[in-house]
Structures are given as C-alpha cells and as structure tokens.
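What follows is one structure encoded as structure tokens, with my remarks underneath.
We call the chains A, B and C, going by the order they appear; numbering starts again at 1 in every chain.
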Amino acid sequence: MQWSSLVNICDLIATFAFATVGARVAAAKGMDYGGIILIAGVSSLAGGTFRNLFLVHQPAWIPNPWLFAAVFVAVLITIVRRSSEPVGRFLLALDTFGLAVATVSGTNYAIGFHSGAVIAVVLGVTGAVTGGLLRDVLSQTEPVLLHRETIGTSALAGAVIYVLLNEFQVNKAIPAIVGGLVVVLVRELSIRYSWNLPRISK
Amino acid sequence: MQWSSLVNICDLIATFAFATVGARVAAAKGMDYGGIILIAGVSSLAGGTFRNLFLVHQPAWIPNPWLFAAVFVAVLITIVRRSSEPVGRFLLALDTFGLAVATVSGTNYAIGFHSGAVIAVVLGVTGAVTGGLLRDVLSQTEPVLLHRETIGTSALAGAVIYVLLNEFQVNKAIPAIVGGLVVVLVRELSIRYSWNLPRISK
Amino acid sequence: MQWSSLVNICDLIATFAFATVGARVAAAKGMDYGGIILIAGVSSLAGGTFRNLFLVHQPAWIPNPWLFAAVFVAVLITIVRRSSEPVGRFLLALDTFGLAVATVSGTNYAIGFHSGAVIAVVLGVTGAVTGGLLRDVLSQTEPVLLHRETIGTSALAGAVIYVLLNEFQVNKAIPAIVGGLVVVLVRELSIRYSWNLPRISK
C-alpha cells in the first residue's frame, strides 16, 4: 500500500472519530438532527480547515469531499443507535486515535509547505484541537481543551517529537508513528492517573 | 435589467434582512450601540465571508463596501424605532427572504468556481446559516440553528434543488428562482405547522 | 532607528499586552496552564490573523514566529506572579496601548494593500477588537466589546483619523502617532468619566 493512501485512510478514520464524539455531544445537549450533523462536521473538519486557511490553502474537504461521507456515517450510527449518553471508554479511545492522526497529519502537512519547526508545531496542534474547542463553544459547554484533560499537551508533545525526528529524515514513517504514539501515550497516561495541568490557585 | 445587477440588489436586501434580525437580537440582549452594529455586521456578512475564505477568495465586502451601507441602514432603523422586542412576523418573513437569497447566491457563487455539486451545496448552506449561528454564539443565546426551526434544512433543500436544476443549464434564472422558492416554502411550512427535525430522545 | 523596526517593536509590545490581559482573564476563570496559553494566544493573535485572512494573506505569525515569544513571556509572567485577580489599572493602560498600536498597525497594513478608506477602517478595527471578543467568547464571559466600555469606538475613532491624515501623505509617522493618541484619548476619557455608548432602553 502506498504511503499517501495510508495517510488518506487514517484521515478518514480520524474524521469519523471526531465526528462521532461531536455527534454524541450534540445529542447529549438535546440538539435536533440538523444540529447533530453541524456539530459533527465542525468537530471533525474545523481544525484542518483553519490550519489550511492560515497557510492560504483551500480546506481538504474541497478537493476531497469523501471526508463528508465519514461525517455522515458517524451521524447515521449515532442516530440509529440513539446514542446520547456521555462519551464512554471506546469513544475516548477513538478520540485519542483521532487526536494522534490529526496531530501527525497536520504537522506533516505544515512541514510539507516549508513552514519552520515552530509554525509546523503550532499548525499541527491547531489543526488537532480547534474542532473540539469549537464543538464545545457551539454546544455552550465549558471547553474541555481549556479546563481539563491534556488534549493540548498530548498534541503538543506529539507534534514536537514529529518535528524533531523529521530533522533526521531517515524515513517518512518513523516520525509519524513515534509522534502518533507519543500523543496516545501522553493522553492515556494522563487519563489513567488523572494528570492535569496546574492552575493558578486563587 | 441585467442579471448581475438583480443579483447585487438581492444580495443587498438579504444583507439588510440579516442585519436587521441581528440588530434586534443584540438590542434585546441589552447590548450598546457598538454591540448592535457588530452583531448586525456579523449576522449579515460572516456567512459569505467564510464561504469565500474556504475558496481562498476575498470576502464580497472588500470589493463591494456598499454591503456595509445595508448593515448601517438596518442598525439605524432599529435604533430610531427603538426596537428591542423579539423578532415578529414581518421580520421573520424578511429573514426567510434573506435565507433564500443567501442560499441561492452562495450556491451559485460556488458553482461559478467549478466546485462539484457536493461542495456547492455545502458552501451554499454554510454561507446562508453561519451568520445566524455566530450571531447567537456572540449573543450567548442557544443557537436557533442547532436546536429549533428548520433554517439548515430549508437552505439544504434549496441548495440541492438549485444544483440539480443547474445541471440542465436551460436558463440561469430558473434554478435560482425555484431554489429560492423551495427555501421559502420549506421554512414557511415548517413554521406554520411547527415542523421540527427529530432529536435523540433521552 | 528604522520605521519598520519601530513598527515591529510596537507590534511585539501590543501582542504582549493583549496576551497578558488574556492570560489574566483565563487564570481568573480557573483554566489550567494549557487554557491560559491558548487564551493568551487567541487574545493577542486572532485579530491580525482574521484581518490578514480577509485580505487572503498569511497571518503575521507565520513569517514572524517571534510573536509567539511575546505570548510566551506574557504567560510566564502571569504564572510566575500567580496573577489571577481582575485586570487592574496598569494592565488596563497596557491594554489601551495595545489597542492603539493594533488599530494603527492594522489600518496601515490594510492601506498598504490598496484597500479603500472604508475597508482600511473596517480591517483596522477588526484586527484590533477581534482578539478580545474571541477571548471572552472562549472564556464564556459576556463580551466586554459588545456590552461595556468603548473599545470599538476608540479603535474606530483612531482608524478614521489615521485614514483621513494619511490622505495628505506629508509624513508616514504623523497619521500613526495622531491616530494612536486618539485611541488612547477616547478610551482614557471614557473610562475616567464612565462614558458608555447608549442602549435601546426596554
């Protein structure tokens, strides 16, 4: 299998993952089917869209409308299974996988357009976390990204590792696999041991 | 009268309609004149702005600053008439007209840049509904788009009809008129008979 | 010292000012360090980012990642000093300075790309106020811009003066200095004498 089709398949799975979490959050908030579709779409596509706009590129869904199919299937499954409970263990794993893929694929995309290391990291993280942030803002929920968990930290760690390993240019796959594993590892450990970033205590 | 000037006039009226609804929502939320102007501007211009950014084009208000005049007149009327009651029957009709024009004009714009059918529909709907969504987010109200009514459904129906009829390319005006009428019809019927999209019951 | 390096230094200080206010608002809302970094970044960089996107340009932080250093230092100081009290007198002065610089620098940027007077004013004001607006939306606070104070009015007055003086083209520095002073003056006076824009009384 070619590298680029592997990337495409991973992007589709990540889109599906983020769309499923988004659909579940929207359903739990009592939105109608239209709201569920919209939140699923924003959750899964907004991050990459803003990353591309910052680079003055079209969003990926314009040349590749198949990404909408991933959103549609995610919404369909949510509606058919009438899922409106909070996000469970399996969905959290799916979300973490989505975060890993989005981070790596976004950082890789930015590097491909000759962004420097700092910008590649910023765009990789932005692309990975913006969808979830907008999902929570539109659902009028306290954004998880800003208050709890280590979504941003996990993405940052993965993006930095990706950029560092990429400097050696041994093999295109190594930075992607290690970067993605770092995202999964940091997030899984922080969930298991309830690690949180500190706050400024009042 | 030329086709393009008719389109421009309709765009101005749609901008005026969305700006009026936005100004009214802002006034009802107790915002000051500055907040009213800002919400009126976002309500009426954000949808087309994002649609254009996705296509890597400048927003329409850069080459055509007359659109700001429509916003300004809408705000002026709202302030002079000291209107801060909820949106009434006449304004709802104006809003529906705005939705029809924005849907048709946005879908037409996207097709003009060789977008495929799916992307034309997505961009047409995005351009028509994003302003109202941001209006509600900035006003810290539950977004109507996500919870009630059939704004998204009406725009979707109109955009799909437009794209389908456009395939036959008989006449530029037919898809626009029929598409717009479909938006108005779906929205009016859904308001009259209180049709809502279903939810996932808990 | 060259004009362009003076502009760069002012931009860095304005970024630092907006980032500090953002970090303080995030800390006061009980966000973790990740949330503080993100809100500081959005507060200080989102305005210029959107202004540039509307002109179909890359955000300034892509060619000039030093802007992130200003954000980083602002966050570091906030965390080290454990500042989570509401914004005080000194910070308000810093914020006003940031507003003046952002307005003048944004209006100047827009004019440099042959925008007409109206668009230059709109882009100057948009670049100056959008960061604070998004800061409040993401912090789930009532946006100051829409409800209180005269942030928007001050920026508008400064941008208009800048554009008018710029017509005479005597000297590049005069419109910038006078425009900036007008922003500071309008805001300081409105704070001292509790001037507010009117509302539509209910």
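What we mean here is this: contacts are C-beta pairs under 8 Å (C-beta built on N, C-alpha and C of every residue); 3 or more make two chains touch, one makes a residue touch a chain.
Keep in mind the model is a prediction, meaning the values are calculated, not measured.
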Original post:
Taking touching chains as linked, do they make an open path (line), a single closed cycle (ring), a hub with spokes (star), an all-linked set (complete), or other?
Top reply: complete
Original post:
chain A-chain B contact: same residues or different, taking over half shared as same?
Top reply: different
Subject >> Euclidean distance of C-alpha centroids - chain A vs chain B, Å >> reply: 30
Subject >> Set of chain A residues in contact with two or more other chains >> reply: 53, 56, 137
**OP:** Could you pull out which chain B residues touch chain C in their complex?
**Re:** 26-27, 30-39, 49, 53, 56-59, 61-62, 65, 68, 78-79, 82-84, 137-138, 140
**OP:** Would you tell me which residues of chain A are touching chain C in their complex?
**Re:** 53-56, 115-116, 118-119, 122, 133, 137, 142-143, 145-148, 150, 152-153, 196-202
